[in-house]
Amino acid sequence: MYSFRNDYSEGAHPKILEALVKYNLVQEDGYGEDSHSIKGKELIKTHLGSNDCNIHFIPGGTLTNLVAISSFLRPHEACIAPFTGHIATHETGAIEATGHKIIELQTDNGKITGDIIAPTLKDHHFEHMVKPKLVYISNPTEVGTVYSREELKDLYAFCQENDLLLYCDGARLGMALTLEANPLTLEDMASYTDAFFIGGAKVGALVGEALIISNDTLKSDMLYYIKQKGALLSKGRLLGVQFETLFTDDLYFELARHGNKLARLISNAFAEIGCEFFVDSPTNQVFPILKNSDIEELMKNYAFYVWKEIDEESSAVRLITSWATSEETVLKFIDDFKAIISK
Amino acid sequence: MYSFRNDYSEGAHPKILEALVKYNLVQEDGYGEDSHSIKGKELIKTHLGSNDCNIHFIPGGTLTNLVAISSFLRPHEACIAPFTGHIATHETGAIEATGHKIIELQTDNGKITGDIIAPTLKDHHFEHMVKPKLVYISNPTEVGTVYSREELKDLYAFCQENDLLLYCDGARLGMALTLEANPLTLEDMASYTDAFFIGGAKVGALVGEALIISNDTLKSDMLYYIKQKGALLSKGRLLGVQFETLFTDDLYFELARHGNKLARLISNAFAEIGCEFFVDSPTNQVFPILKNSDIEELMKNYAFYVWKEIDEESSAVRLITSWATSEETVLKFIDDFKAIISK
Amino acid sequence: MYSFRNDYSEGAHPKILEALVKYNLVQEDGYGEDSHSIKGKELIKTHLGSNDCNIHFIPGGTLTNLVAISSFLRPHEACIAPFTGHIATHETGAIEATGHKIIELQTDNGKITGDIIAPTLKDHHFEHMVKPKLVYISNPTEVGTVYSREELKDLYAFCQENDLLLYCDGARLGMALTLEANPLTLEDMASYTDAFFIGGAKVGALVGEALIISNDTLKSDMLYYIKQKGALLSKGRLLGVQFETLFTDDLYFELARHGNKLARLISNAFAEIGCEFFVDSPTNQVFPILKNSDIEELMKNYAFYVWKEIDEESSAVRLITSWATSEETVLKFIDDFKAIISK
Amino acid sequence: MYSFRNDYSEGAHPKILEALVKYNLVQEDGYGEDSHSIKGKELIKTHLGSNDCNIHFIPGGTLTNLVAISSFLRPHEACIAPFTGHIATHETGAIEATGHKIIELQTDNGKITGDIIAPTLKDHHFEHMVKPKLVYISNPTEVGTVYSREELKDLYAFCQENDLLLYCDGARLGMALTLEANPLTLEDMASYTDAFFIGGAKVGALVGEALIISNDTLKSDMLYYIKQKGALLSKGRLLGVQFETLFTDDLYFELARHGNKLARLISNAFAEIGCEFFVDSPTNQVFPILKNSDIEELMKNYAFYVWKEIDEESSAVRLITSWATSEETVLKFIDDFKAIISK
């Protein structure tokens, strides 16, 4: 039984474990002041161009989102997010628990634009309503789609014009940065958002996100917020060593590219057979629409989620590949699927 | 330069890293449903006697405290804690940030008793004041002292009589469980508290605390709270593997005992020389009072914190030993100190 | 210039001021323990049938909503509300500020039903999502529609079956209780909700809402919550005297009925002329669709809100009548309108 | 039975009720935009000198404190307050419920100074601790003592030097402004604090506090916070009319002076007899130490609180006078007391 359920089924990329073992008994300062955290941040900064950013390592995406958003906003300010956004759906109300409303906007493909946001700004015009202040996006989105550099730039310009902060959840950011058709870089991310994070856990780390803040007004006292929310590890080296390794020799990008590549193998093969897709995702999540009977067969040897019922006979499923998925496994999966449908 | 500053200067015990490497590429379910988390919990349960407990692994002590306390209390209910308690001093107001007041009580040695608590209960008698509901203690305390089984039992009885919950922060719990003079067990902890946690990071883990809830009324929906506060790791295996390893062959207790033993070497040697102590700590924190000039000399080769100014010429320092400290290092430190004072 | 903008443009019904003057210099206990608060609650209880309810007077609807909802819910539990609900739109995120998400549901007429709620319950099935726990409705709704006894009974039955609390915002409750076509009573409200409030400010009081809790599990420690949120007036007599007066000789119902009656005068007259309505409201809010040019003319002598643009030439407006509106004023308004359209 | 329990036992000063009656049926805008609120603010501003202040009327002292403090602070920032401060003791954790720790400082007489605060600032030096940001004082304090102009000026200078905000709870502010020996003015209050409030309920109003903000950085978006916390009354006229009346012909000061004067009658008479006092309060709270047997006798005809047990035979009691207390009543009380002790 092989699982395509998610990209966190395995542990860490072996180079990360090697580094953890290598430096294990060297004494280091705690709370993110260890040499590896310092080095990891330096390595990331080389990708950010001239942007003067603050970087903080935080163990977990939900934790990063809630630390960032609750520190960026005053009590009456609200987030705007696509209704599919992770903070709106799958973080158990973590943002509201810090006191802030999420205004959820409709969207077809997990992405939002200035045009989608504008009516909300017009509506929220006085003190009986929350004040929209931060736009939350994910790149890739929760359904695998990506913002291009132009889209991001436009959205950021819209936010700037409307006194909104733009914050990007990058749980799978690597996958958006390694698409040939989408020449988006970390430097773009730093240039066209106020803050974003680079997720580690889905790109080879055991745990850890790098929160990157480019907007100067958001930088002060961040360590207080991180500590207050329980997000400051005593052994910060655990996060430091991982990001140091991921950003040495572009390992992070290599792992993300691998996940994307294997997903393309699947989507191309399925498309060739005539399969349709629930969403057209270029990243490591694939959403083919399959016959329920075929799904049942496939599930005898593969684990994955049924994403959405399409009609009585078919459903969209979600298949996720990662740095840890082998090409061999994917090719076998494709063959197995072909065998099932040709029965 | 060797650091006695804290017990989290090194990484993990080598057996933990071995296990992480060994199981690294085996696919596991996420969010704490992996086989290692399940096994780790089973191993811990063997120490809890007949107590029917829920166990949750959480990455960090502050995070564990805030998840537990904010889920146990209704909005108007308050914590009682010694003024030296970690939640009262060094968690950046994490508990208040979830909405709850901490009523701080005076104490000489970091410990509180029913007698110390009673006047507070008498005072807080009506709806214009918060309602004291949970007593927070640490064992060992922040100054290295410990609650004996009898003391814990008495405090728990007091709490039961007064409709108070007893919660114990066990960041260094192992050190309180491995003192010959204090036959306290995990079973006692489960029997005489409503909830407590076993801290991993100071006893050989990279990160991770095991929150153990024995009071049935506190168990429901805990995963919701854990997720909402950002404390649910996607790769829960990281915590599972560590606790599985720590509770295999009593490694956890062995490591804690080692830390205590080396601290005794220091305190006995210093006492023999005539040194006095700021607090009489039986665990792995030692607080000798030294001449400032001697401190200055010692700091040329050793790192440690000056804890408190005693008078113009002397200060109490804090020395911490751990599983990673070697006996050799400690003996050399003692010799070096003797050499300094005999100059 | 006469204003139909809202039902709180005037002060209090004269009988309330008379009572305030009459009892002004009698010493009373503070914080709701005065004789008038006690009497006011007794009078309200005579309307609640056999329901054993707790009653609390609170100054303001938003304050009542946030006190009630934040005390009823545990941190991970969420409200369900129609997207037009007052807490969802016009309370500046007051509920989220206490930590709880509002799940907003689509509805045509401001009302929700079990059928509308059911899919949300199915979706929210695990700990990565908030747990829906309380259904918020308003009666009348924010667009003037009402829940009938049967509708309320059915919704309550649905809530009971699904372990949901039903809470009703009664800012204008009197108007829903005094419609001939809708034989709904306060006893029904207490029987078919877990808690609701009777709004005073829109039915003749200066300020004040009566929160009524029939569900036993929600009653404990309410005074703590009320005090903590700043909702416990030292001179509770201000609220007590008002509710005592409103519930003496059914003044509350008489005032509400008057508001409804005058609104019917308007809506019937407008309908006769052929006017259409944005919403079919039987209560004291009327939403006729008028030509923009007629609106402009009317606004020379009357104040009211333009509610929604319908097309380039016409808009829905909102006209509100109250206990303080005279029949004479309304008849003149109708005549003036007829004169305008017949030009 | 006459009650000296507090200064909110009666309703409003008759002039306030007269004004409420007079303007009752005039239509006004809601939410504080009525002509009386505007006029009331203008009248208050004439007392503030050249200070450019924002003024908001809020129904209740706890509500005012929590609105102000939670809007002034970022999440990791804390209040400093004397341990006797109202927010620290008798507001049911209202401030902590908004997420902020209160650091409680010891003091003999309810007042704090820069010297008392300084050690706390030194201690709180890094991100593992809350960041002290706002100093909360009450004037008069909860035990009736007052800050002089010089003391306030010094404290404000200390705050300015240390990047702290100074906020003053003025529940009984009038009593501190009408002492011959203490030439403190509203202009001083505006000059030497960042924000403060003028309490109405204890100086003749039914309900209502005027929050006055002189620090420009604290002014923005206050109406959002006020609405979010449920503190924005629809019939804002209720508050407006009262402050308009209180600040017409200096009624507010006259009422406060009266309360102080009658308290002096009591304290002078008791002192003459040889009575000692628990606190030396120059305002309308008096704390004589009486024999328990005399207290028992007095309580047959007068209601008041026993404040603190002094020894087995005597206790301090609290007697409060107000605008509504008559000189006749006070003289009779003094006579009755003399009769009791001369038995």
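When the chains are written out, they are named A, B, C and D in that same order, and each has its own residue count from 1.
The working rule: a contact is a pair of C-beta atoms (placed from the backbone, for glycine too) under 8 Å apart; a residue touches a chain by one contact, two chains touch by 3 or more.
Predicted model, so just to flag it, every value in this text is computed and none were measured.
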Chains touching both subunit A and subunit D: B, C
Note, CA centroid farthest from subunit D's centroid sits on chain A
Between subunit D and subunit C, distance of the C-alpha-averaged centres to the nearest whole Å: 34
Take the average of all CA coordinates in subunit B, do the same for subunit D, and state the distance between these two points in whole angstrom. 43
Could you list the positions in subunit A whose residues touch two or more of the other chains? 75-76, 91-93, 97-99, 127-128, 130, 224, 227-228, 232
Within the complex, which stretch of subunit C touches subunit A? 75-76, 78, 89-93, 96-102, 104, 127-130
Touching subunit D in the complex, subunit A uses residues 70-71, 74-76, 98-99, 127-128, 130-131, 221, 223-228, 232
Would you tell me which residues of subunit A are touching subunit B in their complex? 2-3, 6, 8-12, 14, 17, 20-21, 23-30, 59-67, 91-94, 97, 201-202, 206-207, 224, 227-235, 237-238, 324
